[in-house]
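Below, chain A partners chain B and then partners chain C, in two separate complexes.
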Partner chain A sequence: MSDLGIVDDQSASYLDIDDILMTENKISCRARYDLVDLELRRTAEDFHEGKKVDLPIWMAMRLNEFFRHEIPKQYNTHFQGILNADPEVVNLHKEGPKYFAMGLQLTSENFDFADDEDIINMCQTLLQASARRVSWISDMAAADHYQQSKVDSKLDDMEKVLRIVGRPADFFDGHVYFYIRFSSKNRERKNL
Partner chain B sequence: MSVIHPSEIEFIAEDELIKVTPRFREQRLQMITGNFGPFAPGVPLKIPIWMALNLKNRGLVIVHQPKWMTEEKLKEWLESENADNTNAIAPLHYHYREISRMLLQNCRDNMSDITEIEQLVEDIWNVRISKLKMSCKNVMKTRWQMEIPDHGGVFKIDNFTQMEVNFIRGTFLKGLNLSFVMSNKITTIEQKAEQHMLGDTTNSSATVPTGSSAMSQFTQSQNQN
Partner chain C sequence: MSGELAAELIRDLARAKDSLPAYDDTAVREIVDESIALSNKNREDISSTAMNQLIQDSADLNDVTPKERSTYTNVCLRAAGIERNKRCLIAYHMKRLEKIREIRWQGGPVIPDHLRSNLSASERTYSHKYNRALAKLMRGSGDLDFTQIQTPPKSLYVEVTCVEDVGDVELENGDRITLEKNSRYFLPRANVEPLVRQGLLKEIQRQV
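Our next item is the complex of A and B:
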């Protein structure tokens, strides 16, 4: 998934596998009213007002009328501060493999978070972090292979696509074709 | 996602004409890309590089060094590249890197100053690529620091060859697209927040569940209770 515009487009995101996987992520919600006899967790249960439950995003979006949502931990103000300070070292794969996509999804109007300001700030943080990480990734794509697997584990899904696109040799086969030095000394290029 | 491998760009570069001296006799060859004139031993003519490399591997031809591929010209180019910090100089040949790679791998025996030329081409490539990367970084920085215009922003770069542009094409274009999508999102939610603040009644969103009329009856009955 590298085209994040798909998150907003209802008809395109319906069948997109990355979007489906992304909306499976859970969000904690609180019931607004006394709801009787719901079967959200396979057994009929009553929700009194304010009871917390974890729902996947696709469900939480549609049940907007009945539940109040909370911003997940990886998008709250504290984490925004971390991202603003130094985006290149944060391990975004750990924070949910589809960090940027989910962040964009949370800004859609179906959600009802307590604090609107925070969402705007979160989106701006995402923009800044994504721009800085993209420059970092393009630098990395040009560099040597040695640190590659260490860096890969820190990228979320969208950035992994960017890395592969920035290095066509990886996409086609395992040989680094051209973008490293061709010197007269080593005529035989080892397979990497 | 459109990924172009550097070997494909080299393939495109193989269509360039290069001067050779044949060692065989042959009449005019009519090929798809053009007609290549009668071959007489000792008479130089221009043929495409793919043909030249093939004939050279069979020992039928001597390949001349292109005029731009001399140590002096390349040194001059490298110095002018180093002098200008941000912009690239017009290249001596549009496919300088591919052609120099192909010739220096296959036609070494007729060339002079091989190691120096390799070194110079490598240095020129590094300087140009670093300029390109620097300007890309600056553009990405402006994407989050400043407003992105409605059409997404138009960026112009001069004097870079196909191979260099291909180097940044994938990540840079996707990065631009990404920042555009996000910045649009920010403007929409900011506008919406302003509407909320000004006390406008919130319009029902497009994806209100279909049971909304039943829901409103429910709330009314709650209020009555």
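Our next item is the complex of A and C:
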């Protein structure tokens, strides 16, 4: 299950399959220095400073010392605008099946994004988007099969789990939980 | 890139969702071999002159030669790969054990053959020992089958009334009992469950 609470605590999420899968997602990185014979891919490569490469999140976090990271397209300011405007319409399954979990992971201080403002705003955006979508999902829970399958195709993994759990009371719980995690990340980033 | 094998292993397990795929012995061994290779390379590099230089001077990464920098980077890279492999392997095995426990709780003490062939030898031992431990626990709690009942029962004995005239019935523990329609009996819960499921008995709700 995509339990978002465990993204924070490294030791708690260690065994979680969903977390392992989420950290396989790639993120664009730029080398900070000139590096030679780096064994990132099958053959050793040379990297000049600023050269771009796509690394999985787990690697990008560990190699924070050598690479600068770029915010993925689906979390940047432009996309946030779209989310703010009309969250129920956005197909979050397409944007990376683990949209919210990855968003939360990106707020970890192991990342060094050029634009810190982006991330702080992102927390806010994701929070509000999740709130509106959760109430939209629970409203649609009463709808017929066809409508529901249309809804389903737009949900990311976390929302799918919420929907299976299914009762409005549980939605609310999940949502409050999510709010707490995101708003605390929000505050942390602002204080950095 | 290192970590690919491990990612494949985990993805296969995740794709199987509720069922348990065959234990991928080859993949596990390959991942372990990869980790050993990485660790050997690291051991070489760490004792190399480039690294010693770096450690001695504790220099800023900007102030050293690209060669020294890269040696250090490769060392970190490989270490990250080894840890990732380790994490994936442990998660793989733990998840499978979790599924084995689920099989017991949902399916009963006997694993169907097609699932049994998907277990490794150690997993078969685990399943066997787990079943034994669970059976011991259940026996010690008044012979209740935990895996069948939803909530803890209030008492070990239950009063039932007979719905149909069945005559002689042999209970689980070997006792014979005569069931007559509309007469009441006070029996251990363990014996009652299967008969209730067959529709022969009906539990009387005590008004307490």
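By definition in this document, the second predicted complex is superposed on the first by the 164 of 192 C-alpha atoms of A that agree within 3 Å, B and C clash if a C-alpha of one lies under 4 Å from a C-alpha of the other, contacts with A are read in each partner's own complex, and residues count from 1 in each chain.
Following the convention adopted for this analysis, contacts are C-beta pairs under 8 Å (C-beta built on N, C-alpha and C of every residue); 3 or more make two chains touch, one makes a residue touch a chain.
Predicted, not measured: the structure shown is a model, and the values here were computed from it.
Of the two partner chains placed by the overlay, only chain C lies in contact with A:Y14; chain B stays clear of it.
Touch criterion met: A:M59 reaches chain C, while chain B stays clear of it.
When the shared chain is aligned, chain B comes close enough to touch A:I137, but chain C does not.
When the shared chain is aligned, chain B comes close enough to touch A:I120, but chain C does not. Residue contacts after overlaying the shared chain place A:Y33 against chain B and chain C alike. In the superposed model, B is the one of chain B and chain C that contacts more residues of chain A. By the touch criterion defined above, A:E24 reaches chain C but does not reach chain B.
In the superposed model, A:Q128 makes contact with chain B only, not with chain C. Overlaid on A, the two complexes show chain B and chain C touching the same residues of chain A, namely 33, 62-63, 65.
Note for the complex: chain A touches chain C at residues 14-18, 20-21, 24, 32-42, 56, 58-59, 62-63, 65-66. Listed in rising order, the residues of chain C touching chain A in the complex are 1, 3, 7, 10-11, 13-14, 61-62, 66-67, 69-70, 73-74, 76-81, 83-84, 87-88, 90-91, 94-95.
Of all residues in chain B, only 1, 3-7, 10, 101, 114-115, 118, 122, 129, 133, 136-137, 140-141, 143-144, 166-168, 170-172, 174-175, 177-179, 181-183, 185-186, 189-190, 192-193, 196, 205, 207-209, 212, 215, 218-219, 222 touch chain A in the complex they form. Only residues 2-5, 8, 10, 33, 61-65, 100, 104, 107, 109-110, 116-117, 119-120, 123-124, 126-128, 130-132, 134-135, 137-139, 141-142, 158, 161-166, 168-169, 171-172, 177-179, 181-184 of chain A touch chain B when the two sit together in their complex.
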